[in-house]
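Just so it is clear, A, B, C and D label the chains in written order, and each chain counts residues from 1 on its own.
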Amino acid sequence: MSRKKLLIVDDQYGIRILLNEVFQKEGYETYQASNGVQALEIVEQNRPDLVLLDMKIPGMDGIEILKRLKEFDQSIEVFIMTAYGELDMIQQAKDLGARTHFAKPFDIDEIREAVKAQVPLEA
Amino acid sequence: MSRKKLLIVDDQYGIRILLNEVFQKEGYETYQASNGVQALEIVEQNRPDLVLLDMKIPGMDGIEILKRLKEFDQSIEVFIMTAYGELDMIQQAKDLGARTHFAKPFDIDEIREAVKAQVPLEA
Amino acid sequence: MRKEWNAVEILRHSRHDWLNKIQLIKGNMALGRYDRVNEIIEEIILESKNEAKLSNLKAPNLASFLMLFNWEDRTLSLEIEVIGDEQDLSLYDDEITSWCRNFLNYVNQAVKPVAENHLILSIQLDEGEVRFIFDFNGIIEDKQEILNFLENELISPTIKILDYEVHNDEMIVTVQILTASEKR
Amino acid sequence: MRKEWNAVEILRHSRHDWLNKIQLIKGNMALGRYDRVNEIIEEIILESKNEAKLSNLKAPNLASFLMLFNWEDRTLSLEIEVIGDEQDLSLYDDEITSWCRNFLNYVNQAVKPVAENHLILSIQLDEGEVRFIFDFNGIIEDKQEILNFLENELISPTIKILDYEVHNDEMIVTVQILTASEKR
């Protein structure tokens, strides 16, 4: 049986490798993208089950990435990562179908549990 | 034989307890002050061998504290702690008799070794 | 006496404050105090959340006045907390800011300069009710100065002093912001 | 198109960047990666030292332009390093800033917007000699645009382009600032 797929989108290298390590250890098949174009390519080629999406990315911003990604496949789950207090952006993202949001700096344990609850790893 | 005395002057509580712990563990008799008035009182009452002096303190600034402290007793050694790049202030402090300076954020090991070299603990 | 701030100066002060926080993390890492490091991180996050909330009230004059306060040459230090859901205070920005500036100038002049004077401003946002609570600890040398200010400044269309208590080592002042919904 | 920055916005962006750094520390603490935390702290200190040095060149326009650069809506990210002893560049502030602004605008427009475009500006301060070295990595779509700029902008009393190489995925431009001592 194929493993569950997780795509991590963040322009910060340190955050990507951190999240990558956490979720690889959990047993997810992980992908990383540092910008919108890369993210959409991976979505089309690998159809992840869940995307962890940083909303502040130079070039194509998070809202735009979210829109295109949901246009491609509405069923992909998206958790967004924002700075604290970006209420407008969070609302906008939820209207576009994002499931939940984490304010940076978030807790690794919390995001791990949320991902596992949303996309359980079959035994 | 009496222990060597060290006065820590910093408006930040966290820094004071950190340095206090480090130097107490080394065997110094430590005193703490969060502002200039407290610092000068302790200097007059306890005549420390060395003062670790933060230069950015609300109320009486570091230069003023240094001046008064050296007026009281020229032989008290002073190490100053500054933000990085405050070259003018460092020069001014050295002209007033400060021995050396540490740019925050400094290395605990470095400041510990410098203090021990300046004010050796008699065995 | 208001200082004009340019970007380089704001960033210099901000960098200074952040490096002080990094110093605490670095120092405690060196001592192997990992629990303390985690506590420091949580304190930093809490403080940042308060500043983010303050910045979201659509009252840029108030926010910048309060956030730059500690970087001016002051005899008291200010701590901010913002409690409750964010509201739009844009209509009241100028008036609140000038009241706060005035009041804090009086306090600044009335306290003993070399004491540890600390003021916590708690901005409490309830549905349709906004309160500013000033909680001071330190040494007040000139109580009467502050009392005069509070007694003579009661009349304003937007600001109502609800309550105050001024002692030599303590002071608490509660101010209500009369937003449109409350004036009705 | 220049954005006007107020204190609240500067502090918001700065807070955002710092919280990203705190996120890295917090995350690695949670994983018990203490060595990595110490590395991150050293990286933060290094970056702050570069900004402090930049801020000490007495060229406030240049410093604020460069430090705010990444917060504008850009297609390339900028990293600064300042090497050598601090000098007083106040006499050249306006001219250097406007040259840099111009040049970086050209680069910003010539690169592929969605690529990872990164520019390192190394300010090298030697005795009586100041050089700005721009080292780009990413994707340049319109090489000719940049070349035109570099070829036509050679004449200035203060700025001399010493050397340049422009490729589609790389670019290096070395500029000398003719300070008084060098003009002699």
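One rule holds for everything that comes next: a residue touches a chain if its C-beta (ideal position, glycine included) is under 8 Å from a C-beta of that chain, and two chains touch if they have at least 3 such contacts.
Nothing here was measured: the structure is a model prediction, and the numbers come from that model.
J.: Counting one step per pair of touching chains, how far is chain D from chain B at the shortest?
T.: Minimum step count, chain B to chain D: 1.
J.: When contacts are scored as defined above, which chain pair ends up with more C-beta pairs, B-C or A-C?
T.: B-C
J.: Using the average of all C-alpha atoms in each chain as its centre, how far is it in Å between chain B and chain C?
T.: 30
J.: Using the average of all C-alpha atoms in each chain as its centre, how far is it in Å between chain C and chain D?
T.: 35
J.: Per the centroid of Cα atoms for each chain, what is the distance between chain A and chain B, given in Å?
T.: 49
J.: For chain D, which residues are shared contacts with two or more other chains?
T.: 15, 19, 22, 26, 41, 45, 48, 52, 55
J.: Specify, in ascending order, the residues of chain A that touch 2 or more different other chains.
T.: Within chain A, the residues that touch at least two other chains are 83-84, 105.
J.: Among line, ring, star, complete and other, which best matches the way these chains touch?
T.: other
J.: Judged by the touch rule stated earlier, which pairs of chains are there in contact?
T.: A-C, A-D, B-C, B-D, C-D
J.: State the interface residues of chain C toward chain B in the complex, per the touch definition above.
T.: So the residues of chain C touching chain B come out as 15-16, 19-20, 22-24, 26-28, 30-31, 40, 70, 74-77, 113-116.
J.: Across the complex, what residues on chain C touch chain A?
T.: 41, 45, 48-49, 52-53, 55-56, 86
J.: Can you list the chain A residues touching chain C in their complex?
T.: So the residues of chain A in touch with chain C come to 83-85, 87, 105.
J.: Give every residue of chain B touching chain C within the complex, in rising order.
T.: 12, 14-15, 18-19, 21-22, 34-37, 56, 58-60, 83-84, 104-109
J.: Flag every residue of chain D that touches chain C in the complex, lowest number first.
T.: 5-8, 10-12, 14-15, 18-19, 22, 25-26, 29, 34, 37-38, 41, 44-45, 48, 51-52, 55, 60, 63-64, 67-68
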